[in-house]
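Structures given as structure tokens follow.
Look at the two complexes coming up: chain A is in both, with chain B in one and chain C in the other.
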Partner chain A sequence: MIVEFFRPGNSLLHRLDPRPKLLFLVVVLIAFFVPSTTWVLLLFTAAIVAVVAFFLGPAQLLPPLKSLWPILLLIFLLTPPFHFGGQPIIRILGATLVTSEGLDTTLVMLLRFIGITFGFFAVVRTVALDDMVLSLRWFGLPYAACLVMTITLRTIPSLGAAWHNVMDAHRLRSGLVESRRRRIVETYLPVLTSVLIEAVKGIPVLAMALESRGFGRRNPRTSYAELKRGRALAADMLVLAAASAALLWPAFIRW
Partner chain B sequence: MIDEKPAVSPAFRIASIAILAAVTTVLTRVVQIPLPARGYINLGDVAIVFTALTLGPFSAALAGGLGTALADLLSGPYAFWAPISLVVHGLQGLLIGLIAQMRPNNIVLQIAGGIVGMIVMAGGYLLAGVFLEGAGPALTEVPGNLIQGGVGVVLGILVGAAVSRAYPPVRQWKW
Partner chain C sequence: MPGDRLLEGLSLTVPRGGRTFLFGRADAGKSTLARIVAGLVPRFTGGALSGRISLDGRDIRSSPPYELMQSMGLVAQDSEEQLLTTRCDTEVAFALESLGLPRAEMRERVGASLEKVGLADFADRNPATLSGGEKKRLLVACLHAIRPGLWVLDEALGELDFEWKTRVLDIIAETGGTALLMESRWSGLAALRGTSYFLLDEGRKRAAAKDSQEPAFLAALTNAGIRQGEPLEPRRPQRKGFLRMEGLGFRFDASTGFTLDIESLELQFGETCALVGRNGSGKSTLGRLLCGLLRPQTGTIGIRGEQGYRKLRPDELCAKVGYLFQNPDHQIYLPSVREELSLGLHRQRAERREIEPRVQEAARIFGLPDLAAPPALLSYGARRRLQAATYFLLPRDLLILDEIDSGLSYREVESLINALASRVPGIVLITHDMVLARAACDRILVMEEGRITGDARRGRFESVGAGGQAETT
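The block that comes next holds the complex of A and B.
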């Protein structure tokens, strides 16, 4: 099972420190919810998509679009009927289907959705989850919470493998899965029970391991990995502060 | 006979949250069950209901919230749902656990807790969806979320009982 969505690389987006990138995500969210015009949102969305295409490659635009097109289609079809203001644009048999307000809101929703999706995509594609945990620790998340996240990330692959093994074992014994696909309870209950017993049996073992490794002591913890420091961090902060300023200027204009 | 529940150590709490968060992520990401009509549901809610009934409300809130948020982060295109899943599924697990804890082993309260959690989950995603996608698209997701939540309640209660019977020490781990 592939756990991470992160792909290693050497682009500028990869080289930037994860901490300013996480802060930049907050800025992206604010920028897409601050009142502005559709043209400004179009500019922001185009800029974010262009950054992804330029630094990660145009092929990287496909995975998010493949996953998102049903939602984008739903937004396109179902947003106009909820907005009645403005000039009628499409009328059928005397009933107004699309108004100018409906069309404008639909565009805003589509641009916001695409912009936020690609903003998050750019970050999760270029930041390893371990670095994300280190960044959250730097932002003040307690050690115990970061430890939980790290252990969870380490446990996911083995549990994923356990699920497939148990599923295969049940399949070999009875052919249950193929023949009765629609009977959810009958098919999945034995597999779920086996996997959950396997998982919960690991809890006391892991707890003992943590205690024997000194969990709960007050002495400072060490870390194998380190994030950037000093000038390198300051330079990255400056780059993303400039990008944040470019995204936030509409907040200071009265539209 | 000593009838007191053994104290749960901080290391044990860390271990239980981490492992059950991993279970939640795996059941959300790996397991996709085809529906008779169309589309898929995942079993993330089963893990949340199981955790709430077996290990209590706080484990369920933390493991359920973290597990589903990680599943969103690992999915890539849906990464921006991670903070919403953290809150919505965390609240779902907390409420199921708190309601079920009022009278332990009472099946009616377990079902009631599951239904409340299901409604909170579907409502939370509806609210977030209205902001992110608009009212129309957000409303279309409600039936799927309710089906997924319902399957989660049924399987979660059944699997909770099965695991407690097969591995009795788990009954002492609630906190």
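The block that comes next holds the complex of A and C.
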């Protein structure tokens, strides 16, 4: 989640305005689905990974890979057997398991997953939630929708923390640290129940907090945070427009 | 419970510019009253409210909370309930944005308010990462930025040390505001800074005073268990150690800079021990090490058996040491009080015919209502008692009570400790209240920056500092 991913910093990626970064994400999505060669996708993916490693540090490559690896493994194992075109590459007992087309499709899917994930990661790692919401408001999303998004993104990590607290409480009450290995119903159902009770109890409490702080007033709401304006915004737009052009050029070439 | 009458015939006048303390036990109706005054009850909770609440002569019952925000503000007992954003400065600015203030004025007010509560360097920090005391100060900053006429503090100062408690009252006075403080225990703060006092019991006003030394009022507080009476009879602990820590070392990660370092510490059989110290001194970390939720990087924890001390692994400690969390809702989850109480007995494979009498005994000792009642709908005090009763029925050598005194009167805490001490060889009470520690415990351990810096037994309590918790009574 954005709240958990964001890390304050002063890199070039941090300094860029979030609005062109969000637009650039759209370009990344398009670029990875524009018909082009596997080599071009490989180049794009390598470029995005290199940008993350260069500006945020090589250690920052690990968090997205940690969450991605099960999906990547599934793609790697399950895609090739369902593609039969091209030259056979691996045959066992007369049956073709991997063909050149299967291998190529697998590689394309892997590169798309990695490239798009790192693209999103570069944005959410460098944009604070409040700036993200402000940008979405700038793009025309209503304030109430942005507030729902803010509260949702803030609440999910809180519920995650509550889950761990409740888990600890139940482990101590049952006296079983190894309860993680016990039956799922016995271990997780009580924890889930406690967290759900806490979440449901929190609904009116959240409404109270919002109205106590003025949510619902009829006067126009102002904004404390401020995004870039004028030349600074234009400069950021230009930088990311150039990067977008570099990503989209394969769409205009006849392969 | 639905249908119960929470407040009845209540008539109070809070003088402008003063500091009014409203005392009451856990289920006296303080939080409900605080929310009524803030316009939140019955708007969000249902129920029927009759009577009149006026502020400066204006009836406020028909105004929604967002129209009252400049007239009054509430700091709740649980800070998590009120935090909305992911940065401290935007948290303070939220209400100012609602008021539609210009950005320049908001910046000025946010900066001044954070500075006032000592959080100027925390502007871009996520409030979720602050300590309990810092969260309370942040919520005070949120109100300071709006400068309401009436500040309602519902057990809001509990996690602050004495210096910050007095500073918060000074901050309110500087803004010209009136403070209404809901408290479950009489404290040095009330004695020194209060201007008027009320005692609430079972939803009614039982006593009132204008002077903190008025004997009749103090007697009423003592009778209600809100003011500390005579210290508890010592339990005469056997001078025989039963749990020992040696060379215990723990650190979270390098970025926090916190290191826990306990060279050697032994708890004695039958001892109720208070663990006191400022926020962040390491009290809860030590508690979590003792019950096996955290694994120490160095050192050992051992419990005495027939063959002397035996070092225990974290998973073994988990079955020997219990931990009552600050939030009782984390530990209760079944549909009825009976099921909550009997769960531990079922897991111990107790005989079926033994279970019901033991459940009924625990319910009687801890003053629990109907065994068929759903725990989630019980009052805060009853949920706290149920949480303690579940551990009363579990075989544990040591119980760690992590700030279970929050929101409870002296009498309520003492009766919980007494009941648990009748079954459990050792109790460690983590608290910020030195009055309670001195009255209810046989030994006080003071923690500062991850180390035990003071250790005294009953009769020699004055020889230890209080780790920043000192307050007069």
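Here, the second predicted complex is superposed on the first by the 180 of 255 C-alpha atoms of A that agree within 3 Å, B and C clash if a C-alpha of one lies under 4 Å from a C-alpha of the other, contacts with A are read in each partner's own complex, and residues count from 1 in each chain.
The definition used in the following text is that a residue touches a chain if its C-beta (ideal position, glycine included) is under 8 Å from a C-beta of that chain, and two chains touch if they have at least 3 such contacts.
As the structure is a prediction and not an experimental result, all values here were calculated from the model.
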Quick check for you: in the superposed arrangement, does A:117 touch first (chain B), second (chain C), both or neither?
first
Thinking of the overlay built on chain A, is A:226 touched by chain B (first), by chain C (second), by both, or by neither?
second
Looking at the overlay, does A:105 come into contact with chain B only (first), chain C only (second), both, or neither?
first
Does the superposition put A:129 against chain B (first), chain C (second), both, or neither?
both
Between chain B and chain C, whom does A:148 touch in the aligned arrangement: first, second, both, or neither?
first
Using the touch definition from the top, say if A:8 reaches chain B (first), chain C (second), both or neither.
second
Output check: A:173 vs chain B and chain C. Expected answer is one of first, second, both, neither. What do you get?
second
For A:235, using the defined touch cut-off, is the partner it touches chain B, chain C, both, or neither? Pick first, second, both or neither.
neither
So, does A:204 touch the first partner chain B, the second partner chain C, both, or neither?
both
Taking the contacts chain A makes with chain B in one complex and with chain C in the other, which residues are shared?
3, 129, 151, 153, 193, 197, 201-202, 204, 206-208, 210-211, 215-216
Touching residues of chain A toward chain B in the complex: what are they?
1, 3-5, 33, 63-64, 67-68, 71, 74-75, 77-79, 81-82, 105-106, 109, 112-113, 116-117, 119-121, 123-125, 129, 144, 147-149, 151-153, 155-156, 159-160, 163-164, 181-182, 184-185, 188-189, 192-193, 195-197, 199-204, 206-208, 210-211, 215-216
Counting only contacts in the complex, chain C reaches chain A at residues 35, 38, 40, 43-45, 64-67, 69, 73-74, 80-87, 89-90, 93-103, 106-107, 110, 124, 126, 128, 142, 291-293, 314-315, 318-319, 321-323, 325, 327, 329-334, 343-344, 347, 376, 390-391, 394
Interface with chain A, chain B side, in the complex: residues 9-12, 14-23, 25-27, 29-31, 33-34, 36, 43, 46, 50, 54, 62, 66-67, 70, 73-80, 131-137, 139-140, 151, 154-155, 158-159, 162-163, 166-167, 169-170, 173
Per the touch rule, the chain A residues reaching chain C in their complex are 3, 8, 128-130, 150-151, 153-154, 157-158, 161-162, 165-166, 168-178, 190-191, 193-194, 197-198, 201-202, 204-217, 219-226
